[in-house]
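Heads up, the next two complexes both have chain A, just with different partners, chain B and then chain C.
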Partner chain A sequence: MKRILVLACLAAAACGERPEAWDAPVTSVTAVGLEGSLALVDDGAHRVVLARPTADLELLRTSVSVGKGVVNVKASADQKRLFVLSTGDVPKKKQDDQGPSLTVVDDGSQVSRRIELPTPLSGLALDPAGRWAVIFPGGDGRAFVENPNQLVFVDLTAAPEKAVTFRTLRSFGGRPQRLTFTPELTLPGGKRHLLVVETDQDVSILDLEHVQDTPARPEITVRLSNGLSTRNLRPAGVVADDGEANKSDDARIAVRMADDSNVFLLTLAPNPAGSTAPNDFTPLVNLADVGGIASDITFLRTDGGLRLAALVPQTMKAVLVDPATSVTTAVDLPSAYQRVSLVTDQVAPGGTGDVALLYGSTTSVAFWALGRTSGQPYRSVEVVNIAGGAAQVSSLQAPNQDLKVLSSAGTGFYVLNLKSRTASPLTTLQTARVVPSADGLRLWAFGPGTNNLAQIPVSNLAPLPLPLERPIRDVFDLKRTDGGRALVALDTRGTTGVTVLDAEAPDLRTARSFFGLLQEGL
Partner chain B sequence: MNSAVAIALAVFLAAGSAAAEEETQDQPEAPAAAGLGSLQRFSQVSLSLRSQWVPNAGYDPFAKTDYLAAWSFAGSRTFWVKDRFSLAVGLGIDLGASSSEARGQKASLGAHRFTVPLEARYHITPWLYAFGKLAPGPLFMTASIKDGSAGDQAISDSGFVFAADASLGAAFLFTSRSNPERHPPRLWATGEWGYGWTTSRDWQFTPSDQDKVTGRVASANLGEVAFRGTFFRLGAALSF
Partner chain C sequence: MRPTTKFGAGLLALTGTALSVALPGCGSSASLGSDSFAPDDEQAPSAGAAADGGVAPPPPEREVESDYEAPVATKNFVWVANPKSGRVAYVNAATLEVKTLEAGNGPTFLATVPGQADAAIVLNVLSRDATLLKADGANITTKTFRVGAQANGWSLSPDGHWAIAWTDYRKVANATKTQGYQDLAVLDLTEKVPPTILAVGYRPVSVSFAENGGAAFAVTQDGISIVDLTPAAGPLVTKNVAISDTPLTDPGTRDVAVTPNGKLALIRRDGSAEITAVNLETAVRTAIPMPGAVTDLDLTDNGTRAVGVIRDTSTVVILPVPDIVTSPAVFTQIAIAGETVGSVALSPGGGTGLLYSNAVAAERLTVLSLLGAPTYRTVRLYAPVLSVFSSKDASHALVVHDKVTGSPGAFSIVPVQNALPAKIVETLAPPIAVAFADTNDRVIVAERGTTRASYGAYLGRLPQLTVDRFALASPPTAVGIVTGAKRAYVAQEHPDGRITFIDLDTGLARTLTGFELGARVVDGSKP
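On to the complex of A and B.
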């Protein structure tokens, strides 16, 4: 018997081994909702599993290969493409080891293309206009030596061999913290999209139309100092505005500071006559002291023209800055609002002044109308009281774009009607997350980690409880293959399961439950 | 299941043995020139270890390699003899099992063959014969994965496929070779090599208690499985 066992062992040793993916446990799953698919990033198997709901609430599952070592995953702004950034094998030790790559998966056709990258980086910023992906060091300390100012530009419209452009920002000691793509701006040299890179001490502006030029057209770096000390200031956010449509010298970028009461206004003006500067615009820098650290800024239109509005919670004021003169006008607010969002198109389209929604961790939100009345630089501040604050505001899509969901870390949330300026409370037994559907017709509320799920039709705000038998990590309201909609509730225990409901007429009896999704297709 | 098969095997062997005794009385001439006496005509039970190579993707969740081990139990009875040749028929059971971790989840599998082996033997000497065997029959497969996505239950699947083995081998007698006309218990060492084949079937895993599941249950499809591949079997047989 001993000999038999030895022979059996020898036979076992001689047998082929299974694919490595079977030995890779499913430890953490990144799930991203695309327009019509749920994308599950299965790093252990170097793939993305796309699950598309059908009319019968089945899921069509396909698998797309991605690079090893996934470090960042993002969906495009229109949710039609998924971007998966991978480091490959680090370090590369063998001839067939993988290099870093960016895989782009199209939701509609479910085809992918992989773009090889020159260096493994983990930060990923996507152009809302869909042309550029910019890869930058994410500061996660993976490499022994890393240049934090290197950027890799991927032109998503170009052939793979011409898509990648490598740039290193000139540095004055800073390292990039945040990348912002501006909307199209009318500049002296024509219409342009810019990339604004905020480091921890300055701001750099790159002209995306010329980022692939040879020789490279350098970025413009604006060092941030208030003039009173040598201390460099730390930027905390930027906004951009094109100015008047028929003018090419009034596009502006505003920068607020994390550690200073000044805001910086950069007017993108033509170069002086005779200038040999490589860029065809130059930023004129103005500072405006708003009396405290601004928690949010936005450009808005008033009866008096364009203004930069800065919210200063510590003084409970909003400060309007004339970008042409840097003259400031303070407006007293009833609460220490931290965030501002323009809602003009929803509440007063075609009016003479913008309307802004002010919110934050306060017990009210406010509608700030910017039309001028006698004696004050704005028309009104109308307060709507809520309990628990509005740390997060979600917008609904058309046809209910005049509704917003205000939620906080507490129990309950509000549906704010921008037109009637009412806030309907909806209470929950525990902290809930609220997800608006992409068609704007309903909300989904669920308790993360619990089996509590409810659908709330926007038409009547009457919650329909839909408790599942499994803990829910996230929910996705997706377009079905027949054009209808399905709700996919994600359970990431084990190798991931989901429950699929008809989003338009949810019924637990017709729902379909799936198990072991990441065991399939290996 | 195993005890029922054992009883069937015992009844089969008893009936076969009685019939063979009658047959021996009717045909007293034995191939004396070969010195075999009536040594070719016997009942036999065997116990072996079957080692099969299953290079099939549907088997991957349940084993780190393609190796599938099984305990084989068989019984047979000679029903036809001509010179050095003889034919035997019997019943065979292979109880195969494997377990592993599939993506960090405990996975186990059973693959059990119930076959009717038809064996052709060529008796080279009184103590050695070679054989070729065909063994068709059903294979019952059952598998479960303790996947966390199903909570405290496992997801499982089971079903039958048609199976057939074709093999060649030899048996070596290592106990008494005297009295070839008599049939005292004799112990053989057996070895065979062959190919095991089955039809294929899709793995469709569902939770064991579907009443606990919301709505309709969708199965996890782990692809097609077929237990096809070469195998060898080493063991011992007792003839009488």
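On to the complex of A and C.
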């Protein structure tokens, strides 16, 4: 809907110049839930509207200016910051035209900080540790000529004039597909965070502690083909592990392939004596054939030591790879699970082996306990049958971190209790989206584009139907200004409206609705 | 007919960096056979019934022949050739850093260069040249030599001055009778003399050097061709010495051992109760009558004694060299009472002979001390002997056992210097390779079966006789020890190359896979 249509009468009566925002269309609104605010990105007005629910279910609205041409919006992992990436005016024709920028909005203080960028790019990757934002070409074809190997590093802890570092990755023909920040790794030169860049044919490793060095410390590129054929191997995901706590030569990165049965293991070892390599570690390459294309990988601990686990749905096996020797041990699985997630902390903290949850578009999930028993390299595979598969798994926060929500494209979902290994089915009349609350106490289920909404308290899993008056686009369980919780349901119609309920004691009679949120504050 | 097996008689200590299979005995002995080789199964060591209903005589003692090429190790590096890429990978066994360098076209056959810490030479079979590789820390230099002739193996002089590339016809599949493989490419690695191609007798089976580096000896079916390496103009074949009175007829299977000083060759023939000594300077042959058919003959590495075994009477003969030529009847005979011995393996230095038989299912190893007056003692084993290896100091031997019904394989570690019981270790698959450390305190054994679970290696600690098994990800092909890095290595079959290093002290295993990939890591050290 066009803002100019909504405001037609006012527009017709107005005279003289007015801010261009009044004439700008309300394009597709990006809504992002922060810790205590719903952020609505109003690109036409070059702003973000932050709506904060209060104790009386009022919404406090704040407008924060952002750069023109918003191309990417993300919240930090802790949902305390919002990142808005803008291209600015492209091309710049006037002196006061904007350049590309990254706006960082703090949810708590509602204060924003805009960081000018050297080049308009659309990809945005955020460091889970909160220090880095990396901007890269998003491949959206905005520029006539684009170098896909450009990266812009923004140090979110540095002063604006020192925050931005521009790098171009060396390329052997590949272009970045995915960026992964590793956890802190103990490397020969000290503790480091690394950025792993997967291109469509190789993997590059950048030391984030030295990415701002002058002269630039180059990245390490691990080429995935041996140069003897035209075949390129395409990486499909990476995982990292720090190894033993008291060792600095056993951190590892594993790479699975989209089109090959080998997984690559890179041990980050010290440089040989006399080496002139600029980085203070070097990857030792190892391969392990897991017998099929791995759909997911993870490092895990067994009582035999660290292993890389690779799920191979094609063979209905999980393959344990000893990263030191490449020796593989195949474990038959009862189903072709595609995803693996460690749940040790929830089900067996302090045990001698990890426990992994195996899932996918199968009619069961499985708990895979890795402690060894006589005659087999794992303790058990315990199956929990479900219908419809578990294409998506959502985790609940403390105090209910033992629960996971298994959902699929079908009608219904399951609440899986990791400790009791029960799966409680909850059926829906139509495909539903399930949103866990940040305080871990409840689930919200709604039918996208419908009025159907229900609250499911985790304590009893008794759904409370809460049909709204307007079709729901998304829901956000937010922290209120008084410390309580509010559910904010976003409308699909109009220039952005919401319905606000008390999340802890929802009652349609006390719910409040707000319309035309983006018409305010211009 | 000479059988080929992976293990057999005549094998001695393979220590340090050596690949532990397939060397034809100690010193410069060579086995010369007829055109075809029987498969292993035809020579299974069983005492079957003869066609006439009597008891058939046991088959000949089995020799070890190499049937594959493998990596080689120098003091600090393991070198692996990749014929497809035209590169040689060299792995720093201490840091596990992998690098590659360009060789010629089709680098295939590698050998270490004696007398140098980290030098190897590779034969490039397609470009018919050789690349000398020398590593000095992080620096590596290469030098290419023209070879010209077809070749599949190397012999190098003890001082590393000379390298000879030649063809062992036994490694050539379907060699026709008219393929003589008579060319030797003689390379002066000091580059004072240009590469020379020389023709020797028909189908050489070994090439060795005199210890002073002045001559080389090619044992062929026409006799022993002697190459003079001293002429300023370049090496020359100066003589061919017949090794039998009937050189125009096939004398049958025979062993030829040349003394390190190059003056004498000793020849043994299957079924013959005679050893022939040939003076390589005068071509004079001396027949040395033996008390029975000699089933094995070995020469000490200093060339002062030859030890022969007569299985029919379980007798060992010790021949003084060269005195045996002038006094053919003066030699020592020792009857090994109550045992069957048909093979001998001499320890480095020649102080100990390990006597056994793999032609019958003998579960015994006899240790013959050659220091001073010969004495012997017999060690009881618990499975038939297939082959025997000695540590460099002859303190221990490793016995690879032959097949036993119900057992996939086994080996025993035998204390030789101390009269202690042997320790037998059952393996998951037949052992295929053995190497002792130069320090004599470690031994590595690889096993290889038909399933993934049966690929493994065993690290033995001496003198404790403790053995640890290491599972391998792919079939092993060779083992060795990189002395400078204190690591054992187990090379394995893998399309991208795979090698597992085992720390000799900690026992920690690390595997590298994908030499080309490892070498293609771009770390920014080069512009």
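Keep this in mind: the second predicted complex is superposed on the first by the 501 of 522 C-alpha atoms of A that agree within 3 Å, B and C clash if a C-alpha of one lies under 4 Å from a C-alpha of the other, contacts with A are read in each partner's own complex, and residues count from 1 in each chain.
The definition used in the following text is that a residue touches a chain if its C-beta (ideal position, glycine included) is under 8 Å from a C-beta of that chain, and two chains touch if they have at least 3 such contacts.
Note that the coordinates shown come from a computational prediction; the quantities given were computed from them, not determined experimentally.
With both structures placed on the common chain, the touch criterion links A:324 to chain C but leaves chain B unconnected. Using the contact criterion defined above for the overlaid structures, shared-chain residue A:291 touches neither chain B nor chain C, since it reaches no partner. Of the two partner chains placed by the overlay, only chain B lies in contact with A:59; chain C stays clear of it. Once the two complexes are overlaid on the shared chain, A:351 sits clear of chain B and of chain C alike.
When both complexes are overlaid on chain A, the residue A:228 reaches chain C alone and has no touch with chain B.
In the superposition on chain A, A:237 makes contact with neither chain B nor chain C. Between chain B and chain C, the partner in contact with more residues of chain A is B. No residue of chain A is contacted both by chain B in one complex and by chain C in the other. For chain C in complex with chain A, the touching residues are 84-85, 92, 94-98, 137-138, 452, 470-473, 494, 496, 498, 500, 508-514, 516-518, 520-525. Interface residues of chain A, counted against chain C in their complex, comprise 170, 217-228, 264, 269-270, 272-279, 282-288, 322, 324-328. Those residues of chain A lying in contact with chain B across their complex are 4-5, 7-8, 11-13, 15-19, 21-27, 44, 57-59, 468-470, 491, 493-497, 499, 501, 508-522. Those residues of chain B that touch chain A in the complex are listed here as 49, 51, 53, 55, 57, 60-61, 63-67, 69, 100-105, 145, 147-151, 155, 205-207, 212-218, 220-223, 232, 234-235.
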